[in-house]
Every structure is written in C-alpha cells, then in structure tokens.
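The same subunit A turns up in both complexes below, where it pairs with subunit B and then with subunit C.
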Partner chain A sequence: MATLPTMLKKELLETWRTYRFLILAVVVLIFALMSPLIAKLTPDIMKMSFGKTLQLAIPKPTSIDSWTQFYKNMTQMGIFVVAILFGGTMSQELSRGTLVNLVTKGLPRWVVAVSKYISLVVQWSVALTASFLVTWGYTAYYFPDAKTPYIWQGFVPLLLFGFFFLAVILFGSTLANNSYGGLLFTILVVGGLYLVNLFKAAQNYNPISLIGNNMALVQGHKTLGELGPGIAIAIGAGLVLLAGTVILLNRKKL
Partner chain B sequence: MNTNWQLLADNLPIFIPLILLELILMVTALVHVLRHPHYRFGNRILWVLIVVFIQIIGPILYFVFGRGDERRG
Partner chain C sequence: MSLGEGMSAVADILTLSHVQKAFGSKHVLQDVDFSIPQGSIFGFVGENGAGKTTTMKLILGLEKADAGVITVGGQPVHFGATKTNRITGYLPDVPAFYGYMTPVEYLDLCARITGISQRQRRIAEMLDLVQLKADKHRIRGFSRGMKQRLGIAQALLNRPQLLICDEPTSALDPAGRNEFLELLASLRGQTTVLFSTHILSDVERISDRVGILHDGRLQACDTLANLHQQFGRPQIKLTLPDAQTAQRCGQVLRPLPAQVQANQVTVPYQEAYETTAQQVLRALVTAGITPIALQQQSATLEQIFLEVIGNGHTTNHA
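After this line comes the complex of A and B, so read on.
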C-alpha cells in the first residue's frame, strides 16, 4: 500500500515528461475556446458566403449553440484524442519490459494498474474541468442569456463517462501487446456501445447516454436522475474493467 | 475587407489565447523534433513539416506516433 503514492508520483512525472498531459490540456483548451468562437462566427460566415445573393434569416447565436459545439467537440474529438494519447499507457511498459525490475523487487502488480488508472483520472478531470470553465466564462461573456441554466448537469455525465472510458483504455492497453491493439479494443467497445444504443430499450442503461444527452440536460429538458441507470452501469463497468486489468496483469508475462 | 477586421477585433479575447495555445503546441513539438534525432519512422524534414503545417493534429501525431525511444536519445 505504501508503494501506491510512489508509483502515482512516477506516473504523473512520466505523463509530464512525455508531454502527454501538456498535449491533452492544450487540445481540450483549444476546443473550449473554439466552441463559443464558432457559435459566434457561424452567422457571419454564412453571410459572407451568400449574404448578397440569398436573403437568409439567420437566427442570432445563443449560449445553446456555444454549448452544443463544446459537447460535440469533447464527445467526438476530445474522446478520440484521449484514446490515442493514452492507448499505450500499459502496453508500452509491457513491451519495453520496464516493469520487470519493479515487480521482481516486490512491487505488487495491482499497484501498477491502480496507480495508472488514478493518474489517468486525475489528468482527465483537471483538463476537462479547465476547459469547461473556459467555455463557461466565454459563453457567459458573449451570450448572456438564460437559455442554458443547468450547465453543471451537462458536465457531470461527461466527466463520469471519461472515468469509464479510461478504464476501457487501460484494460485494452493491458490486453494488447502494442498501443494499436489497445486503441482497436477501445474503438470496438465504443462502436459496440453505439450499436447497442440503436435499441430503444437499452438506451437508458447504456453508458453512451452519458455523452448523448448533455444538451438536453443543460437546457433542463432532462434531469440527471433520468440518466441514473446509465451512470450506475458506467461506474460499475469501470470498476469491473479495473479489476479485470489487475487480473490480466497478474497473469501476464512481463 | 473592413468587416473582416471588425470581426477579428470583436473576437480578439478568444483569438489571442487560441493562437497562443496553438503556438505552444507547435513550438514544444518543433523543439522536440529538432533536439531528438531518432524517430519511429520518417525523418526530420518530414516531422518538421507535419508539426509546423498541420495545426493541432500535427504535434499530436508527432508525440504519439513519431517520437523515438528515449533510450536511443
């Protein structure tokens, strides 16, 4: 147990020195800045392209457009960037044999898995919260309307989905022997979940519902309580995957 | 043309940090490309071009797929 903080420190140091955290933070901040910008510029762009020839009644952008952009970027590009950045988190150590020394000197293997997971969760939470606050600030400044009253309700499911998603990545990375295999596993899982989402009966229980309803939540058309089953399953599946990672790692030849 | 400048000026509070962030990403990757001679594939010129001309995606590609093993320098 005493080794956990040490391993965690090593993980955080590693993510800093390999520039992973820097890239994640900068990219999500770019998305955060682009969301209100694109929302604000869309009418101007439309006007510039066919303003003279076509008399279009373009509605004034609102805070809804800004948050729509934010959740669209984060749940598509954002999630994808996380997957390619962290797809090699365990498989790289396995293929390079950097864990051999630590484990033969008595480091429990579950400490490796848990410390990696904690470090991923910390990075995701910090980066996402920062970008959320940035978008919030700009949206409040440029679109001071009351159309998006429940901002936190849209943010919480995305954060929780991230926890689940990181567990999938870590499991895939342990399962595969290279970072591409882990990435493939992650893509298959998310693709599978989207397929399941086609069935209406399963939609409420699907972790994907955490990133599909953010705008409805922000506008107050839905409440967090309605997503309860999806949230519970996402957290449960995340814990199962983390336990699975420990079991896999215990059986793996280093 | 006038309206374009107006547009830029109106959105300066967003444009400045946006450009700064993209520059940070580009410069970090560029410095790394120039200081480390080994890449998993491709050569220095290729990576410099990718990092400088493909905004946002270029530096990510370099750090994830392009950078060589630290032990070999």
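After this line comes the complex of A and C, so read on.
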C-alpha cells in the first residue's frame, strides 16, 4: 500500500513528460472553445453559404445548440482521442520490460494496475472538468438564456462513463500485447454496447445510456435518477474490469 | 557425477530442488537441483537457449516452475508476487528504464519501492559507484553501456543479499567489463552473486563456484578446483616454428589425441606428465622436429565446459 503514492506520482510524471495529458487537455479545450462558437456562427455560415437561395428561416441559436455541440464532440471525438492516447498504457510497459526492475524489487502488481487507473481517472476528470467549465463560461457569454438549467446533470454521467471507459481501456491494454490490440478490444466493447442498445429493454441498464441522454438531462427532460441502473452497471463493470486487470497482470510473464 | 560437492558449512541463500520448466513441448529445465552458499560468487554458464535466463526468472518469481521448489533466504519463491524479491537485486541482460526520467529520479523510484532509509545518500553513493552524473540528463539519451551501469546501480541499491545478473558484461567495453568484474569480486562475503555469461574467462576470474547447464540439465555444479579435478584434463602445449611443421607434428604424435591450431599443438593426457612428455619428445626426435617451446598446462574452463557438455572429445582430436 505504501508504494501506491510512489507509483501514482510516477504515472503522473510519465503522462506529463510524454505530453499525453497536454495533448488531451488541448483537444478537449479546443472542443470547449469551438462548441459555443460553432453554435453562434452556424446561422451566419449558412447564410454565407446559401445566400438568398435559402428560403427557410434559420432559428436563432441558443445555449441548447452550444451544449449539444459540446456533448456530440466529447462523446464521439473525445473518447476516441482518450482511447488512442491511453490504449498503450499497460501494453507498452509489458512489451518494453520496464516493470521487471520494479517488480523484482518487491512492487506488488496490483499497485501497478490501480495506480495507472487512478492516474487515468485524474487526467480524465481534470481535462473534462476544465473543458466543461470553459464551455459553460462561453455559453453563458454568447447565449444568456435559461434553456439549459441543469448543466451539472449532463456533466456527471459523461464523467462516470469516462471512468467505465478507462477501465475498459486498461483491461484491454493488459490483455493485449500491443497498443493496437488494446484499442481493438476497446472498440469491440463499445461496439457491443451499441448493439445491446438496439434492444429497448436493455437501454436503461446500458452504460452507453450515460452518453446518450446528456441533453435531455441538461434541459430537465430527464433526471439523473432515471439513469440510475445505467450508472450502477457502469460503476460495477468498471470495478470488475479493474479487478480483472489485476488478475490478468498477476498472471502475466514479465 | 555428484553435484554440489565441496559445499561449505555456510548456510545456503538459494536452493533449487528438482525444478522443471517446459514451454509447450520444449523442456527447458529438467530436474535442476543446486544451491548457493551465502556470500559466494556463482558463475552460471551454458549455451544460448540452455535455460540460464529461465532459471533466473524462476528464482525471481517472473516465471512459474512446472515442478520443484525454489527458496531464497529460506523462504519459498512464488510466481507473480514473491516476498523474496525484497532481498534480491536483479540486473537483466538488457535493462529497461523510463526514458523520460533522470537517473536520480529512477533510483529514487526504486528506493521508495524497496523502502530504504537515507535515500538521497544511497543514490549518490550508487551513482558515484557506477560513475554516472546526478544531472538533468534523461535516460532516453543514454548509451547501452550507460544504461548497463544504471542497471547495476538499481540492482545494488537496496543492498541485496542475493544479486542476480544476466550476462552483465555483454554491453560493456573492456575497461567497463574489468571494473564491473572487480565490483562483483568486491561483494564477495557480503552479497551472494549469481551471474550468467558467455565469457568463460570472466567466470574463471571471479567465481567460487560454477554451474554448467546443458540440454536443460545441470551437468556440473561445483567449485572451480573440483571441476578442474573432475573434468579438466591437463595438457602439454607445443609451439612449433610454423603451421606446416605443426601439422606434421600432429601426425607423428598419433595415436595421442593431439589438437593442431596454427603453429601450436596441444596434447591432453591422463597418465603421469613424465610418461606423456617422454612419449612426445621421443616421437619428435625420431621425426626430426624441434619445438620452440613445450609447456605443461591445466585445462581452461572452456575446455572443462566442452568436456562437460560432451564436445570435449570431438574438439580435442586432431
């Protein structure tokens, strides 16, 4: 247990010096800046593109458009960037043999898995929160309306889905021998969850529901309580995957 | 053959009992059985793929034995998470580090994991020992030799009771190799050293005991003196004026098992030296061959190794 803070410090140093966190932060901050701006400029862009040939009246953009753009970017491009950046988090250690010196010094393997997971969760939480706050500020500036009163309710499920998604990435990265194998595992799991979502009875229990109802939550059409089963499954599955990662790592030859 | 002869009364820090390991259908280790007394230097030799690295990984709990028991410091080794690693140090053949760290940061990480006291002082001592600077240069810019020296520093950092080195001198230049061997020799009595190498002269230079692994079996394991006695056939070495004369010399010495190499002829013998020397000299005088020099030699470790693994006769015959 005493080695957990040491390994967590090592993980945070690694993500800082290898620029992984910087890349993640830059990408999500770009999303944060672009989302309100695109919502604001869309009518002008359409007018410039179509001129007087467009007969339809373009509605005035609101905060709903800004947050819709934000959640679309984060749940599609955002998690894709996370998967690419962190897909090799364990497989690279295993293939390069960097854990050998540490494990032969008595470092418990579970500490490696847990410290990596905590590091990933911290990075995701910091980057997502920063991106969310920037979007909030710009949205409030550009669209001072009251159409999106429950913004935190939209944010929490996305944050929790990230925790589940990072557990999938870490498990895949431990299971595979290289970054691509880990990425493939992650794609297969997410693809499987989208397939499960085709069945209406399963939708409420599917972790995917955490990234499909954000706008309904933000506008107050749904409550967090309604996503309870999905949240519980995502947290439970995340913990099972983390335990699975420890078991896998304990059996791995270094 | 009796293994483990010449054992001292000193307690054994490492014991392997009937250890077996197979990868698929390939039996890498079969009934390997040996022990190393505390404070000694054990040279582990064998051909490529003989199972030296696998044996070391089993001792470190990095591989799982199919059968047998391994103990370090009296405690059994378990695959995955073994407490015995607290008293061992390991230097892999190609040590891997975090390239984004400086040597001080890396050693600090290792020191915190092992929980040693007075970390900064110990790190400074280790860097001084391996002649690396405590500056801001990251490990990714290091040469292979510098990485090997950092590997030595991390292996010795926690003052291990058992130091395991897998071909430690392979990446070092002659001066570095010499320094490293002196360093290992200086540990005698305090730290038990198990090291593998292809450079048999290194083993001969510093080892107290030698284990020869061949075909997954430990063919010999004893002190150097006992191995010489058991396997090392003494020899007479003749130096001739040129290679042609040496060839002719080899022919006239038949049926003695003379080996010709350039302008030198080596004649191993089992009887008394005088008997063989007289037989050689009589044959040379009869043939009118005058050697430049004649020396009596004891067998080298290389010859003992070849003898043990069964190639001795094919090599020694002319």
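Quick notes
FYI, the second predicted complex is superposed on the first by the 254 of 254 C-alpha atoms of A that agree within 3 Å, B and C clash if a C-alpha of one lies under 4 Å from a C-alpha of the other, contacts with A are read in each partner's own complex, and residues count from 1 in each chain.
Keep in mind that, in the parts below, contacts are C-beta pairs under 8 Å (C-beta built on N, C-alpha and C of every residue); 3 or more make two chains touch, one makes a residue touch a chain.
For clarity, every value in this text was computed on a predicted model and none was experimentally measured.
In the superposed model, A:Thr98 makes contact with subunit C only, not with subunit B. Legend: residue contacts after superposition of the two complexes on their common chain; A:Ile23 is shown touching subunit B, with no touch to subunit C.
Shared-chain residue A:Ile84: touches subunit B; no touch with subunit C. Look at A:Gly230: by the touch rule set out above, it reaches neither subunit B nor subunit C. In the superposition on chain A, contact is made by A:Leu37 with subunit B only, not with subunit C.
In the superposition on chain A, A:Gly212 makes contact with neither subunit B nor subunit C. Contacts of A:Pro157 after superposition: neither subunit B nor subunit C is touched.
In the superposition on chain A, contact is made by A:Arg109 with subunit C only, not with subunit B. Residues 18, 96 of subunit A contact both subunit B in one complex and subunit C in the other.
Of all residues in subunit A, only 2-3, 6, 10, 13-14, 17-18, 96-98, 100-109, 250-251, 253-254 touch subunit C in the complex they form.
For subunit A in complex with subunit B, the touching residues are 18-20, 22-23, 26-27, 29-30, 33-34, 36-37, 40-41, 44, 81, 84-85, 96, 138, 141. Considering their complex, residues 7, 11, 13-15, 17-18, 21-22, 24-25, 28, 32, 56, 59-60, 63-64, 69 of subunit B touch subunit A. If you check the complex, the residues on subunit C that touch subunit A are 57, 60, 62-63, 80-81, 83, 85-86, 88-90, 92, 94-98, 100-101, 105, 109-110, 112-115, 151, 154, 158.
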